[in-house]
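Below: a set of structures, written as structure tokens.
Both of the next two complexes hold subunit A, though its partner changes from subunit B to subunit C.
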Partner chain A sequence: MKPFQISHTERGAVQLVQVGGALDMHSFPRLESELRRLFNHGHHRLVLDCEGLDYIGSAGLGALIGFAKEAREHEGDLRLLNVPPHIYRIIELLGFTKVLQVHTEETAAIASFQPK
Partner chain B sequence: MTAKGISVGSTADEVFVRVIGRGTFQNSQPLRLYATEMIGRGYRQFTVDVGECSTMDSTFLGVLAGIGLRLSQQPGTGAVNIVNAETRHRELLVTLGLDRLFVIQLRNGSVAPVAAGVQWHMLPESDVNTVGTPASKEDTARLMLDAHRDLIRADERNLPKFDELTNQLTRRLNKPSSPEEAGHP
Partner chain C sequence: MPTPEQIRINKTTGKLTIQTPCDGFYLRHIRAIMSDLARQVGFPEHEITMIQMAVDEACANVVEHAYASDKQWCWQHRQPEIRMTIRTESGRLVIEVNDHGQRFDFTSYRPADVAANLDEMKPGGYGIPIMRRFMDEVQYSSNDHTGNTLRLVKYLKKS
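The block that comes next holds the complex of A and B.
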């Protein structure tokens, strides 16, 4: 498995967090730390670009829901982008697509935060 | 190349489990079923060889915790021994408080042979690279819920880590599946 990688860029008021490799219990603290850092800087509108993600563990998925809920408490959200099919199947299997918005295009994911 | 998956074998009084590759929610069910059967047959000693295990997710560790908890409730001296563990395996187990439930033997250099002479066989559906989408979503959600509840039973400090996951899985299991998933645009 590829090692976990994380980077982030700004898209206006939205933070685009790109992750790749394996998101398991060894690597999850790195994502947790980065999301926590963004929250601490007042950034609660986040898009997690999962295009390079090979694997995500069950605990990681649960924690993403926790971050999404926390972001919503601050009028933001954590939304997923470019989820690979094998990972989407897991998210769907667990019923997590009911609580995590999933997008297939970056522009749509960013625009989803704009008031309608 | 050694086949990936979960191999098992037994002697008269001990069960051996060898994990090659990943131990995840995708191959935890056959292990849970096998362990349940063997505990029912009176086995109280489980040795789990993780020397060739690349990673374990929390569901897999929760299934192991469930085995340890069940053994601790049985008469006699039951134990789960984790052998050939690397430092990162041990760190994971300590993070989840499972070092209090398992006996952990660190790997010393190369992988030490375990249970020489035991007839091993591969558990069906235990290679995560070939396992497809599980047949039953409910069974998978139930497996994950039970596993994470067992992690919390094993160490209450795990509650904040898995609270969201167990709550969501509980909601998932209390509602019938719908063909439309609201979150996907």
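The block that comes next holds the complex of A and C.
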């Protein structure tokens, strides 16, 4: 039961955002604030590294969908990386993996933004 | 400033009651208590995550909507709080989330399901569909004596 943590690093033209702890109604404004700050700086290619995440609620999931939609409107996207198995199972069951790209390797997640 | 010390837990035979101030800070503590209990009852890990998520949504709705500052609460004389009763009976886990804030017509509220929201990439509206999807029974009741109660039931399936 860790508190929510968020940080980010640049990987070329892609922003790698690391999140940890619980992403719930109490913490998701911090995610929104950080992603909004990146958007405001023109960064719309985001990879969210979820390795340290132990919980995500509907507020967090909704925020991811909203930011992915907005990023796509600017030729970018929000893609997920290292989703813990217990969270992956839930988001897959709910259908979120049909609209959000999920990766297991950082290099593949970053490379997925390169033109084919 | 919310602190975990403000959580009141009372355990009696077959029943656990939890009372917390109405603040999103307490949800992670409630989820941890729920997970431990569901694990003790024997639910598999993926169902524990479902129960945890459904309870989290129920409590989040209380924090976000029941005591919203722009609404008329039903029982203004009481401090806003989340009250929960959890019991196991006949192979099922029964969780009641109670508040004394704004009444909500839960039964007739039928939001679009998760798939429809995802088709349109909507950023919200997932909470109640997730509760209905992950629990076997979801019932809401409201009266002047006991306040508003959301009852969530999950059956322990025999393997």
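In this section, the second predicted complex is superposed on the first by the 116 of 116 C-alpha atoms of A that agree within 3 Å, B and C clash if a C-alpha of one lies under 4 Å from a C-alpha of the other, contacts with A are read in each partner's own complex, and residues count from 1 in each chain.
As a convention for this text, a residue touches a chain if its C-beta (ideal position, glycine included) is under 8 Å from a C-beta of that chain, and two chains touch if they have at least 3 such contacts.
Computed from a predicted model, the values in this text were never measured in an experiment.
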Subunit B and subunit C placed together on subunit A: clash or fit? clash
| field | First, second, both or neither for A:Val102, with subunit B first and subunit C second | value | first
Identify the partner contact of A:Leu94: answer first if only subunit B is touched, second if only subunit C is, both if each is, neither if none is. both
Just to be sure I read the superposition right, which of the two partners does A:Met1 touch: subunit B = first, subunit C = second, or both, or neither?
both
Interface residues of subunit A shared by subunit B and subunit C, listed 1, 22, 24-26, 55, 57-59, 61-63, 65-66, 69, 89, 94-96, 98-99
Listed in rising order, the residues of subunit A that touch subunit C in the complex are 1, 3, 22, 24-26, 55, 57-59, 61-63, 65-66, 68-69, 86-87, 89-90, 94-96, 98-99
Per the touch rule, the subunit C residues reaching subunit A in their complex are 23-25, 27-29, 31-32, 45-46, 49-50, 52-53, 56-57, 60, 63-64, 114-115, 117-118, 121-127, 130, 133
Given the complex, residues on subunit B that touch subunit A span 22, 24-25, 54-59, 88, 92, 95, 133-134, 137, 140-141, 144, 148, 161-166, 168-169, 171-172, 175, 177, 181-185
Seen from subunit A, its contact residues with subunit B in the complex are 1, 22, 24-26, 55, 57-59, 61-63, 65-66, 69, 89, 92-104, 108, 112
